[in-house]
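In the part that follows, the structures are each spelled out as structure tokens.
In what comes next, chain A is part of two complexes: it sits with chain B in the first one and with chain C in the second one.
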Partner chain A sequence: MRKMLMVTTIGLMAACFAVSTAQAETYKLAISLAITGPTSDAGAPYAKGVEDYVKYANDEKMLGDDMIEVLIRDDQYKTDVTKRNFEEFLDEGIPIYLNYSTGSTLALKKDFEEEKIATIPASFHAGNLVDSNYIFLPIQSYSNQVIALSEYVVENSKGGVPKVAMFIHPSAFGRGPVEDTKGAVEKGLKMDIVEVVEHGKDLDTTATLQRLMSKGVQYIICHTVQSPVAVLLKDAERLGIVASSFGEEGKITFLGAHYTGGNDLIDLAPTASENFYWTTGYTLTSEPGPGTDLQLKIAKKYGRDDKTANSHNYTNGMMVTQVAIESMRRAKEHGKEINKETLYDELNAMNGDNAYDPLTTTGPVTFSKDDHEGVDKLQIYRVTDGVFKSVGEPFVPKYVVKN
Partner chain B sequence: MTYFIQLLISGLVVGSIYALSALGFVLIYKSSRVLNIAHGQIIASGAFIAYALTVYAGVPLIISFFLSMVITFFLSMAVERVFLRRLIGEPIISVIMVTIGLMSIIDGIIYLTPFGSTNMSFPKFFPPEPLNILGATVSWTQVVGVVLTAIIIAALSWFFKNSTLGISMRAVSDDQLASMSIGISVPKVFGLAWALAGLTAAAAGGIIGNITGLNFDTLHAFGIIVFPVVILGGLDSIGGAVVAGVIMGLIQQFAAGYLDGNWGLQGTAEVLPYIILLILLLFKPHGLFGTHEIERV
Partner chain C sequence: MATNRWLATGNFFTTYKEEQRIFLTNIDRLCLWLLIAALYAWPFFVETSNKGMLVLDNILIAMVAILGLNLVTGFAGLISIGHAAFVGVGAYTTALIASGLGTDHVFLTHAWPLVIIISGLVGAVFGGIVGLPALRLKHLYLAIATLSFQMIFQWVINFSKLFNQGQTMSVGRVFWLTGKIGRKDHYLFWYFAVLTIVVISGFLVRNLLRTRYGRCLVAVRDNDRAADAMGMHPGFTKVYAFALAGFFAGIAGSLHCYLYRGAGIESFTLHQSISYLAMAIVGGLGTLSGSFFGPAAIRLLDLGVENLSSWATNFLPSTMNIATALRPLTFGLVIVLFLMFEPRGIANWWRIIKSYFKLWPFKY
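For the complex of A and B:
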């Protein structure tokens, strides 16, 4: 009798295990990005953000018994490698894809269309959205970030029409916002764009700064990566032309879009970055809140160092993963199969009452069929005593451009 | 006038740093006729070694800076001994391919460390107030860059002109077979050339790192940025590297100061040095001071 009971119990347990195994699914989430090579200072913490949030989602059973497997591949910022990685990911059956650079997002745009796969890149280039149905920018485009900074200049500048120069990266990434900002000026933004400067690998930007000073430039809006901005700020500090308060007369106030700022800029130009104004759609750990608490908790849980834990690129990686996993969770909640089509639909439905607040951003993520820019609100931050501090409340730029 | 002086001084400063960065190329080419494609990686390594000694080991910055030069001296010598010594006598293209491989290896090693994907700055060492020269401002880092370049160039010039080793290196540069026949150790000369190139690269890395901050992409790019300087000066001329460096620095600064932003021009500071390089090479194909080899058949 006892033997029979034991056999029955074991049999029942085995049956239950078989049933639960059969029901639990594993979904694949993939990203190709520059963990080494150019821009890896952004890519490496970004990858860690993706990896850690997937681990966290699995540990917290966000998809119930279903698991998420993350595939992270280093493409060294090479588009051909990104394409190869993407094709391998497709073979793995991914339902959603996270991409990285502007160059590879533009190059693979047609592939995303053909494969009908929702893609969230780290690039906020407005051109990504032109003739595209499947690319979703996590936050406002670079163009709208630069327009937001321009609006901030116009609203807070004293005296006449503010004179502005743009300091941009010599690439599609850098040039993207120039025409859109000029468009905003044509539409009524009262600002004089005196000059657009495409930087090189400069060791000394004295000539550029003095030329701009001689033209009466009061504000320089930067849209590039941190390193050239650090050189510019250090030279401006040496020349004694950095405004100590916004719009200080006879000095220049420096501002920048997402990839110009963050702790990396302070690390590269510790004193010269003081009073630098920066905009992004992400929360920062220097301004604690529920999102940053979550970020620091996750970073600590998975053994990340302080630098990574406090990097806005780590936040960025985490946030795109939050959005991707939330789309999976919603599809499951709605009783749908998790696949390319359902996740695409869930992303497009993320608006109104269904908007998603990941807490790591300065506003909710709102996608729709006609709007593939996620977080509409941008926050201005300013370096004060060596850390970025909020200036005012998050806002939506008025002259925003939608593609 | 102050504007002109500022551009002049900035041009001289940038030119000196270009010259210092270009010296490593010239030293290796001068002795072995090899272009070291991994030179930018050695520049970056020098900067990171100085930073690691200062921040992680607590060595004062100035001592770290000189220690990094010594360490890179021996590291480069080791690289030559391990990877390149056995290629003596092989076609030059093979050796250049090895330096490309070396570039990938150093890249890989640096990406395994925090330096590969993190931005940093040297601790503050120089006074924050700039120097004022005739109304123009120069940072102390820039002044040190110019002075260091001058000292290294003077020391190398003396070395090549007066020391036995230096004269041996010139002899090997001139004719390897003849040098061997009179008892000069060609492998030893190659090793020394690489070591000296490493030393100058570390010096350049320390200075550039102080100016731009420590970002691997930015630092190793200088190995390529100074290439026109090396070509313009003449691949095997130390004096040529200095003159070409200063010419390039001045062209960049004056183009940025007077041409860019005027008459619809943009980016001339980036392009003009290359245009002038091309024009000069039409008339002086071996560069301003490069050796013009004549082969009689």
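For the complex of A and C:
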């Protein structure tokens, strides 16, 4: 009798184990980004952020017994390669996709629509959202970031209409916010855009700076990547025209959108970047909080060096993964199958009481059918004694542009 | 001439006409037809992923482009550093038709062979125009003239709203007898389409080289004064060599646009032009078979190094970004090694292999 009971128990346990094993699913999350080549200084930590958060989610059993497998492919910042990687991911049956560059996001937009696959890129280009239903920007678009900086300039500038120059990347990525900022000025933002400078690969911007000074420019809003900004700041420092306080008379105050700042800028221009104003929707490890604690804990757990652990690009990669995994978790919680359709629905439902706070951002992530820009609040940071420190509270720009 | 044309050995020519035959022996003919049949048949037996098919399509499109580049640089001896711009002209012609008529206009989706030919012809016109300096310029000076075209092309595309400032201009999906070609069959469909164009282009070039116009190219390359003395027109020959190169490049560009369902500037930059030149050199300048070997070798090398770089990022220090340097280093090294040790390219290895089998079992 006892023997029979034991056999039955073992049999039942084995059956339970078999059932639970059979029920555990593995979902694939994929990203194609520049780990090598242009912008790999941002892409490499971004990829590590994605990789680590997936490991963390699996270790913490965020999806219960279900696992997430992450597919990370290097595209060297080439759209052709991104396309190839994306095709591979589709063959792998991914339910959600993380993309990277502006160029490839725009190029694959039609594919995202056809495949009906929710995509979260690292590019915050407002044009990504035009004629698109499936692209979700993690934070405010570049246009709104530049508008936020412009609003900050207008509100904090003393005496008359501030004279502003824009220093932009010579591409769709750089040009995107120019028209939207001009639109905000037309709508009543009291600011004079004196000149829009598209930088090349110049190693000296003395002439540009002197020209802008002669035109009475007080503020330069940059929307490009870090290295040209570092060149600009170093030249400005050499000319002695960097404002030591916001709007200092006879000097220039420099400001920049998301990809101009971060610790890499401080590394490139250690002293010249002092008093540089920067906006982003992410929390920074120089301003500790629950989000940065989580970030540093994850980075430490998976053996990342200090540079990676403190990189805002690492935060960025982590955050998009948090959003993707949260959509999976919610779909599962609602008893839905995890697929392209349900994840898309879950992302669109991330608003109101269902807004998601990943802690790594300056506000909650809110998406809806009509709003595919995640974190609405932007934080202004300023380089003080070699680190970025918060200036005021996170805010939503008034002249915000919605696509 | 050997009485039995199935024999590989013992062939000799008694007339110039015999020397101009496409196939030396019936074995050559049979092998080529078998190869073509195999290229058409294998997708029905081997399942290939979309990613794999995309790689193959890319190689085939590059073959069409290199057929053109080989005509102007290999056969006519005129260095062109702006070939990607000619490819871009073809791609943007297709993209402009799409933006003008609508991405899913019937002309674009149903009459796509016609669109491809039109793109080729526009490429030829631009080729002819860019070839005009060849009437006066030679060697490095001509190379710089083609480089200028590349720069002008990039500038125009990057700054003109007509071309969406270099951002991707979309093109819709095409139709075939079976209906609209969806994603599932997209790459397979274009494999067959591009393969057909490669085969036709290959025969066109082979036949061109048998004509006086083809021989003119080689004569002008070897000595344009002597060619002039023989009654050829070196100036016209150079311009038409550029026009022909532009035609094939235009076709390749249009195919690229259809394959990727859009045209964006980053596929037609100077870097891509250098890459095309490398394909022609590695394949074998002035050889028809080199136009097929070169693109395959460089594209596969690219893919290999890409995987190597990706793998290397796992252990190489990120601050030095060595993985990024692997690709240009390998690329440069391959070109230098070929120029030093095998300037006649892979086509020469193919010639040696063929000679071996032709003489087999004898050594010479």
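As a convention for this text, the second predicted complex is superposed on the first by the 390 of 403 C-alpha atoms of A that agree within 3 Å, B and C clash if a C-alpha of one lies under 4 Å from a C-alpha of the other, contacts with A are read in each partner's own complex, and residues count from 1 in each chain.
Here, a contact is a pair of C-beta atoms (placed from the backbone, for glycine too) under 8 Å apart; a residue touches a chain by one contact, two chains touch by 3 or more.
Owing to the predicted nature of the structure, the values given are computational and were not obtained by experimental measurement.
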item: Fit or clash - chain C, chain B, common chain A; value: clash
item: Which superposed partner A:36 touches (first chain B, second chain C, both, neither); value: both
item: Chain C versus chain B, contacts on chain A by residue; value: B
item: Touching partner for A:200 - first (chain B), second (chain C), both, neither; value: first
item: Partner chain in contact with A:238 - chain B first, chain C second, else both or neither; value: first
item: Chain B versus chain C as contact partner of A:64, first or second or both or neither; value: neither
item: First (chain B), second (chain C), both or neither touched by A:44; value: both
item: Touching partner for A:107 - first (chain B), second (chain C), both, neither; value: second
item: Which superposed partner A:216 touches (first chain B, second chain C, both, neither); value: neither
item: Chain B versus chain C as contact partner of A:80, first or second or both or neither; value: second
item: First (chain B), second (chain C), both or neither touched by A:170; value: both
item: Clash with chain B (superposed arrangement) - responsible stretch of chain C out of 24-32, 222-230, 330-338 or 348-356; value: 330-338
item: Shared chain A contacts, counted only where both chain B and chain C touch the same residue; value: 35-37, 40-41, 44, 170, 307
item: Touch list for chain A against partner chain B, complex; value: 35-41, 43-45, 170, 195-198, 200-201, 203-208, 210-212, 214-215, 226-227, 230-231, 234, 237-240, 264-265, 267-271, 307
item: Chain A residues touching chain C - in the complex, by the definition given at the top; value: 35-37, 40-41, 44, 73-74, 76, 78-81, 83-85, 87-88, 90-91, 103, 106-107, 110-111, 114-115, 127, 170-172, 175, 307-308
item: Complex contact set, residues of chain B against chain A; value: 3, 6-7, 10, 13-14, 17, 107-108, 111, 116-121, 124, 128, 130, 137-139, 142, 208, 211-218, 221-222, 225, 253-254, 256-257, 260-261, 266-267, 269-270
item: Chain C residues touching chain A - in the complex, by the definition given at the top; value: 49-51, 54-55, 58, 158, 164-168, 170, 183, 187, 260-262, 264, 266-267, 306, 309-310, 313, 318-319, 321, 323-324, 326-327
